[in-house]
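Okay, handing you the structure first.
Order of writing sets the labels: A, B, C, D, E and F. Residues in every chain begin at 1.
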Amino acid sequence: MKLVTAVIKPHKWEDVREALEAFGVTGMTVSEVSGYGRQKGHTEVYRGAEYDIALVPKIRIEIVVGNDDADDVVGIIVKTAQTGRIGDGKVWVSPVDTVVRVRTGDRDDAAL
Amino acid sequence: MDGYYAWMIVATALVLMMTTPALALFYGGMSRSKSVLNMMMMSYVSLGIVGIVYVLWGWSMAFAGDDVGSLFGNPFDAWALKDVPWESYIGGVMFQMTFAAITVALISGAIADRVKLSAWVLFVPVWVTVCYFPISHQVWSTGVGFVSKHFGAQDYAGGTVVHINAGVAGLVLALVIGKRVGFGKEPMRPHNLTLTMIGAGLLWFGWYGFNVGSMVFLEGDGGEKDIAQFMSETGVTFLNTTIATCAAMLGWLAMERILHGKATSLGAASGIVAGLVAITPSCGAVDITGAIVIGAAAGVLCAWAVGLKFKVGMDDSLDVVGVHLVGGLVGTLLIGLFSTADAPGGIDGLFYGGGFGSLGDQAAAAGWAILWTGVLTTVIAFAIKFTLGWRVTEEAEVEGIDSDQHGESAYDLHSGLGGGTTAPSTSVLAKHTVTEGVNA
Amino acid sequence: MDGYYAWMIVATALVLMMTTPALALFYGGMSRSKSVLNMMMMSYVSLGIVGIVYVLWGWSMAFAGDDVGSLFGNPFDAWALKDVPWESYIGGVMFQMTFAAITVALISGAIADRVKLSAWVLFVPVWVTVCYFPISHQVWSTGVGFVSKHFGAQDYAGGTVVHINAGVAGLVLALVIGKRVGFGKEPMRPHNLTLTMIGAGLLWFGWYGFNVGSMVFLEGDGGEKDIAQFMSETGVTFLNTTIATCAAMLGWLAMERILHGKATSLGAASGIVAGLVAITPSCGAVDITGAIVIGAAAGVLCAWAVGLKFKVGMDDSLDVVGVHLVGGLVGTLLIGLFSTADAPGGIDGLFYGGGFGSLGDQAAAAGWAILWTGVLTTVIAFAIKFTLGWRVTEEAEVEGIDSDQHGESAYDLHSGLGGGTTAPSTSVLAKHTVTEGVNA
Amino acid sequence: MDGYYAWMIVATALVLMMTTPALALFYGGMSRSKSVLNMMMMSYVSLGIVGIVYVLWGWSMAFAGDDVGSLFGNPFDAWALKDVPWESYIGGVMFQMTFAAITVALISGAIADRVKLSAWVLFVPVWVTVCYFPISHQVWSTGVGFVSKHFGAQDYAGGTVVHINAGVAGLVLALVIGKRVGFGKEPMRPHNLTLTMIGAGLLWFGWYGFNVGSMVFLEGDGGEKDIAQFMSETGVTFLNTTIATCAAMLGWLAMERILHGKATSLGAASGIVAGLVAITPSCGAVDITGAIVIGAAAGVLCAWAVGLKFKVGMDDSLDVVGVHLVGGLVGTLLIGLFSTADAPGGIDGLFYGGGFGSLGDQAAAAGWAILWTGVLTTVIAFAIKFTLGWRVTEEAEVEGIDSDQHGESAYDLHSGLGGGTTAPSTSVLAKHTVTEGVNA
Amino acid sequence: MKLVTAVIKPHKWEDVREALEAFGVTGMTVSEVSGYGRQKGHTEVYRGAEYDIALVPKIRIEIVVGNDDADDVVGIIVKTAQTGRIGDGKVWVSPVDTVVRVRTGDRDDAAL
Amino acid sequence: MKLVTAVIKPHKWEDVREALEAFGVTGMTVSEVSGYGRQKGHTEVYRGAEYDIALVPKIRIEIVVGNDDADDVVGIIVKTAQTGRIGDGKVWVSPVDTVVRVRTGDRDDAAL
């Protein structure tokens, strides 16, 4: 099994979800995170004090998939989340020994 | 007298403001974020219903209708304010309406997070008709009402009529309706204390309409004497209301410091309300010493009382009993001790050489109100329980009553790229469908 | 008469409070968390600008200046209140100023989240000068203004002048300025309904200043008759305002229950405002029955109307049309049916044997206001569109107008180790630079 | 005169509302979410303490007691309002009490996030006794108080007594108590600007009680002349208060736009307060031009002044100096230039042909207040520093003073399955223990 | 070393924590996330506009454990978090090269 | 490639970020989490009801790095985030098969 972790721009989430759904991904876990990288944040001023907001909001998606699907899933995410502007994000794949569905105890492919 | 009249316009608007938004905020902030809207709705809906009901038959039952056995007025005599002169629309009808509305709204704190809106919408008109209108008649129809006639107890602005009344009803409902899922186990801490602080502040502000607006003229002919009374008596009630509230806030904070080591902002907000409750019946009966003592006593005793529910295992969720019943009793009974002839009320209590007479009257009035409302609210509570049913499903309660009863959630603080919190807001990530013709 | 005068001080302060903070909260809570500050700013800035403008030439154009073709007063006659007696500073100038301020502020709801502050700062003074001052002159300069002279329609506190006026302007701006990015696709749900509930409650409170403060004396000599009128007419307007609002809240909630299965807190807040809008012109014209019917009708119709924008695809973001135009029309037209000679207005409507006369007058007045403001607002809207331009960049709109126009974000709820939410707050993690001399 | 009296009931309640909740909200919203409750508590506790203290000896020291060297009244003469007639309980005692309460509450903004509750509870009664009561006596005991006797400066509603007084005290405390941990390095941005906006709006509303309620009768016999004065002078103070505030809001926003490129909502809220501060002493002294100039000047100068603290490295956390000291000086000194005999004050300033006399008087009064409070507050500040100690531990400050001093956190916005934010709320995930007998 | 990642229903968190504590897990890192899967969200209506809330709140737990404990920890979580209703969540195990305790610099088993 | 996951005290974030920047880390993904471990939480009392707040806020940092950099990055984090007091946190390293930059589709080292 593989774990695909994607960090993308928030407004791309909806498209990515639909694309993955279409591909057959039945589930994922999503969280909002803050990203630090080439894309710069913005500045706020309160009563003469300037605050340089270094981080930019991102959406983080975790998907456990079978070994064979990993590449396709990565490809779909990259295709859909791409705007071509700095800050589009990253996707990485890491190995998973096993995955279990809590409801049933099923393991691995049966768990997805 | 147009000056007094001008004041009553403001006083009436102030008391109305106490229910919406003040009480709604005070309660809403103390509930969980998944039920804050439902909590606020209970106050808003109370005012919506009572506003209509009071005009139709409330005023008639409370004051205008022919007395029926000293218990209530005939609801049909002044139905829809028939023959009621415009002059008494504000200082009379509307002012009294706002009292009825906030009294029933106060009860909602005892049954937070678990009651169907439909059940509440049914309860409100029935309860004010069976419990509030009669008691306000019995206490405030001078010389006619049961309490006024037999005990002549002092209740300047509603210690028995409003607070003991609401407190007892809250006690009964909490027992009949039962605990929230996870009560005593899961955390049920206030979700937004800034709302509770706003609410307490606005309640204090509005309470001047409540207490200072409750003056009754001795002459009532609009002559010099009335004006003189207006310009002196209101001074006493305003000052007593203020210092009692200050004393109660400090008293609650001191008690917290002793009991738990720390004085809290929720304690300050609660102390303010406890003091206002206790001084409500007594603001015209006592002098400065009395006001400070009554306030402090209310603060200390209520701070202690709110802890009891966990011992007895009763889920009086937002402490309607601990604050309004206890505070109402403190204010009502201490009149018996601290009432002074030098105050507008003109009656000497025990400590001012008046003997036990006043204390007895006060106790009797309180006892009667507890009895009347206790019995009748029990009947209403069970009637609803076995017909419509009070509670939402257990799952709905866990998921949140706002979502279940109103299809809403209070907050969506995701702020996109605009900074601020970037908490995952489910709805931000949601698919939005404008259902064509959903409204057609 | 110092009693009446005392009331007018309060009434004026109350109406001012309606714009800041009440309306700002009502609107702010409904907008998204990335644009709440901009939404609130539009109300605050409206008051800031109108406060100055009204004193300089507004009062002169509306009332004090010599009439120009029954359309408006000469702005220069009473420029900067030249020769205006201090006695009329409050009940006259300031009271009327607060009406102008809230009227233009109401419009902002139709164009939420997308308008440059600079464009709004330009629009406000122009619009009140071209649309508000003239219409208030035409309707309220009795016997002089165009509407008053020809139709003698009843508009006690501003159904045409305030609500239809703002509603039409909102409609025009929403169409000219266009939809928000993602309208109808992305979710644009209220980000903080507790703010909206506070706003609705404070609006209700302030509205007593609005309606009850709008009484006009028959004699005006400050004699017995005036005092008597003050102490009776205000009773009617206060009571009608209250029960109509209650009926509207219940009406909206019932309609929601039917249409969507659930009654919402946003519905309660919206119903309150809808009822207040509808009773604004009619509070002095109808009796209890009329007030309840008008309120209920407003609640039901507005609850239905707010859904229409999705059908026609117009982004009237916070339903200025659905609530203020529709509610204003309901109140203005139903006067024609429910007006009664037994009310202060003294005119019988259709259902009270008065024939179609009143209905015609009301319709004509409404039509005229729609025509005048519709045409002139269109001109202004396009003028700004093709010069300064209305909208922020699309990117700014997506990122959030608060950040783009004000360089702020409303919330930073990260609370370090102190508990509460631990959502990643970008600014908490941010590098803070105090730019030396940034202010020098 | 019952009309005037009715107004004073409302005015007093309005000023009380300014401290709780208005000021508490204005300040609370600007502080960090881990210290908002402590910030609000400082205002609430101020009112709680001053409410009692003022009745016991404050009124006696400020007005009722025999004058002691033109500096203060004998605190024991009217101890607990001995022999004070009920008629003066509201317009006199309570109205003045609310001024004392908000003055000391204003100071808290300078020392946000770092002061032990116990230290504040000690400071409040000492400071009002040593600094506030004397100065209000010196300025407002006409012909008796030091300032009134020697300079006859104009201070209609408290430019010296309230704002310069609080501003200087804030300056001293900020210096003696020192900076917050991480000041100038870590971000300390406002955590909830919607609260600050509500606070500013409610402050504006309440300020009408503050300024318009501060009228002093020339005759004082309740006759025709008094009524006439009431109905004209209040018009001037109400109008001046309004337009100065509008001008200040616009002035601050313009200044921000120039300095930082963007006009902010915090700027609008701050401008409102700056304008209200500056017009407080001058609302009865100037005409429309003067009011607009004073307001605009206050907005612009304060917007610039709030940036200075970073330069001098003083942590006047919420700009008590930048807004109240600077704003108070602007209003107090500009009276010397713009005061006009055509205004109720009846004195011509420099620009109105009155020469430098008035300017000198105003400067002297301001200087005296700065001297008196500066010296005495320094003594108090060090006394507390070397005994009880002012500050919480550094760790407590980092973790959050709400948790350390009150054992609370303001927000718990987790909303379970009900949608809305799903930020991890520590308390939601916490183990809840109802400690049996914790209250027994 | 292994990293056990569990996504469970929020109201099960308390039980799971206690069970793991009993087993001897001394620490874990928790975050709230949004889940997408078979379990459906709910609908909200604001002034006639319907919002379909697709995601459901979940609690995400990360536990670094020694190789031998991984299976037991997974078993405990599955047992305790199970309600049998759709949406109970997933648990997956992935390899960890090394773990360090920041306070001491201790590595691997010593770091836990 | 490796994924370095660090859980540290919130007020250390700024220092860690600067240290990593200095070392040459160009990007990272940050989220706020709650930690459970030796470090104890605190207690809150509301109207006589005591709440024992078991969790403490932490910052979670994820950095995908090349194999050779992993150790240095861990070292830097441990060094900078260390206060010596209980609750300093953990850092762990796990294998990553591949990482992609969404904007360009670049893989692995080129993606960072």
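We adopt the following convention: contacts are C-beta pairs under 8 Å (C-beta built on N, C-alpha and C of every residue); 3 or more make two chains touch, one makes a residue touch a chain.
None of these values were measured; they are calculated from a predicted model.
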Practice item. Taking all residue numbers used at the subunit B/subunit C interface, answer same if over half belong to both copies and different if under half do. Key: different
Check your understanding: Among A-C, B-E or A-D, which chain pair copies the contacts of B-F, with over half of them the same by residue number?
Key -> A-D
Practice item. Starting from the mean Cα coordinates of subunit E and subunit F, work out the distance between those two points in Å. Key: 18
Check your understanding: subunit B to subunit D: how many Å between their CA centres?
Key -> 31
Exercise for review: Between subunit D and subunit F, tell me the centre distance in angstrom, where each centre is the average of that chain's C-alpha atoms.
Suggested key: 45
Point to revise | Whole-Å gap between the CA centroids of subunit C and subunit E | key: 50
**Study point:** Per-residue overlap in subunit E, given as positions that touch at least 2 other chains
**Key:** 11, 30-34, 41-42, 44-46, 48-51, 53-57, 94-95
Point to revise | Per-residue overlap in subunit C, given as positions that touch at least 2 other chains | key: 1-4, 6-7, 10, 14, 187-190, 192, 198, 259-260, 262, 264, 266, 306-307, 310, 398, 402-403, 407-414, 416-417, 419, 421-432, 434, 438-439
Check your understanding: What does subunit B use to touch subunit E in their complex?
Key -> 398, 403, 407-409, 424, 426-427, 429-435, 438-439
Revision key, fill the gap. Counting only contacts in the complex, subunit F reaches subunit B at residues 44-51
Point to revise | Sites on subunit A touched by subunit E in the complex | key: 1, 3, 17, 26-31, 64, 94-103, 105, 111
Point to revise | subunit F residues within the subunit D interface of the complex | key: 11, 32-34, 41-46, 48-57
Review point. Okay, in this complex, where on subunit D does subunit B touch?
Key: 1-7, 9-10, 12-14, 16-17, 20-22, 24-25, 28, 36-38, 40-41, 44-45, 47-52, 55, 80-81, 85-90, 93-94, 97, 117, 192, 195, 198, 402, 405-408, 410-423, 427-428, 430, 432, 434, 436-440
